[in-house]
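I'd like to ask you about the structure that follows.
Chain IDs A, B, C and D follow the sequence of writing; residue 1 opens each chain.
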Amino acid sequence: MPIDRGSGTFSFKYSREVKTYEIDIQQVVHNVIYFYYFEEARIEYLKRLGFQLKKEIIIDGVEFVVAHNEADYHEAARLGDQLTIFARISKIGRTSFTFDLKIVREDGAEMCSGRTTVVAVEKGSGRPTPIPDHMRKAMEAFEGAKVNAAAD
Amino acid sequence: MPIDRGSGTFSFKYSREVKTYEIDIQQVVHNVIYFYYFEEARIEYLKRLGFQLKKEIIIDGVEFVVAHNEADYHEAARLGDQLTIFARISKIGRTSFTFDLKIVREDGAEMCSGRTTVVAVEKGSGRPTPIPDHMRKAMEAFEGAKVNAAAD
Amino acid sequence: MPIDRGSGTFSFKYSREVKTYEIDIQQVVHNVIYFYYFEEARIEYLKRLGFQLKKEIIIDGVEFVVAHNEADYHEAARLGDQLTIFARISKIGRTSFTFDLKIVREDGAEMCSGRTTVVAVEKGSGRPTPIPDHMRKAMEAFEGAKVNAAAD
Amino acid sequence: MPIDRGSGTFSFKYSREVKTYEIDIQQVVHNVIYFYYFEEARIEYLKRLGFQLKKEIIIDGVEFVVAHNEADYHEAARLGDQLTIFARISKIGRTSFTFDLKIVREDGAEMCSGRTTVVAVEKGSGRPTPIPDHMRKAMEAFEGAKVNAAAD
């Protein structure tokens, strides 16, 4: 099931510079660090929708955990590079939703693309639970028609 | 193309304990940390085959970079857990090879499964280059029939 | 030799928010992470003086390494906190210089204070070498009288 | 108050190899990573004394936080280096205790020495609280006469 993650439009972007301590033995941003960039972009995306995480990763009594994470690496970012992480929610199910992510350098070169699936779980039991209704509505409103047809 | 990553046998395993500083705000090993565990297991796997990386990530003048990384999270590891990372090379192409990885707690529960594709590149240009011949032979000998049918 | 690191004025400040993945098992920013914040502030300080590090940690053929690092922890930062890292160079020797650092929350509470000594070394040999002259001059001009009396 | 941290005997040691992802842009172990090594050694030290941390950093209802951390860097560790972290408790006060730490390469070269002060605090309030009595006794028994004369 190939998905063309890099194409199409993204509803959100977030920029940040590469940090010295993110560079690895090969003089490039370590491949694992991109997953932290993805996380930063997801958190900023949720903030934009009004979900400010303070002190914990909980919204309306529901906790959010990552169920799947993946990245394709295209080109290597280096010290001093200014990166933009593009994010969109491409799928919203009953208890989970999926982000598409793409990292682009200031000259337009694509460094990395990826995808993260997040699951809503009950605090304590860890069992999947429905995404809070106003959160789902906020995501659907922000993403528009692009996300409508998705299922769990 | 669903692959049943958790099943079948693995040719290599590597154990390590969860570290205090790997635990996150949700009191579990942060989801990104598993990719570091995968990396540790890949490096130990290569050592077992006689490829000791000293000072750099280079074997016979060839550098190795990660082209794809993914993880499915099943259960959350916690402080004090002893984890075993199982690894096998499931595919060897002309210029790249793919690891299947699986992380299991000491009570047998599976925490995480994943996959990493590594590409051999020319130092400097970064262009894909054939996997050094004796490295390919060592991988094939170690993995046996399981890996034979693969292509790039 | 007690030094009153938190007092007096600082010539530079840099702000950033706490990231989700920086929070540890105790629900606060992990104590080691503050040293990364110090590093970010030192790099931003040098940028402000015109020393843009691109691709490597080298200025005029001279490499810079950390010889000493320390932090006193006063209060714990949490998710969502906006932090300001104050920095000043308090001492410039022939081959090394020392930063005083202080991290303050948006409500004025001091989280952490610290100090880092950086040594100029020859690329390759790693032997201490004089700080490039125009770099020393830029630091002295930026810090003014506060830094004049220092020795190696 | 100069202390000769590298000299004298250490009651505990812990070994581990440098990991690929700990190497930085300068091709050496990043200076901040040594503080994680210190933490690993402190945790292993406490385990040796019978204090197994499971799920949280709490012993007998008391939580432990780092109040001070420092390191002097002498030589740079590289990929493939096998390191031994030596640890001893050099001072035990009423509510805090201090570790001396030293990191040595397999050829005897000293990479780094440092010191960490840990404070016992009440879970919740975060206020300093006496070190649990049997923990203090275990530390004193393990360290012997070297630690007796210390005060808070």
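A few remarks follow.
Just so it is clear, a contact is a pair of C-beta atoms (placed from the backbone, for glycine too) under 8 Å apart; a residue touches a chain by one contact, two chains touch by 3 or more.
Quantities reported herein were computed from a predicted structural model and do not represent experimental measurements.
Across the two candidate interfaces, A-C and A-B, the one carrying more C-beta contacts is A-B.
In this assembly, B is the chain whose CA centroid lies farthest from the centroid of subunit C. Once the centre of each chain is set as its mean CA position, subunit A and subunit D turn out to be 37 Å apart. Averaging C-alpha coordinates per chain places the centre of subunit A 31 Å away from that of subunit C. Here the CA centre of subunit A is 24 Å from the CA centre of subunit B. In subunit D, 20-21, 25, 27, 32, 36, 39, 56-57, 79 are the positions where the chain touches two or more neighbouring chains simultaneously.
For subunit A in complex with subunit B, the residues that touch the partner chain are 1, 25-26, 31-32, 35-36, 39, 56-57, 63, 65-73, 76, 126. Contact residues on subunit D toward subunit B in their complex (touch as defined above): 19-21, 27, 36, 39-40, 43, 52-57, 78-80. Those residues of subunit C whose C-beta lies close enough to touch subunit B in the complex are 20-21, 23-25, 27, 30, 32, 79.
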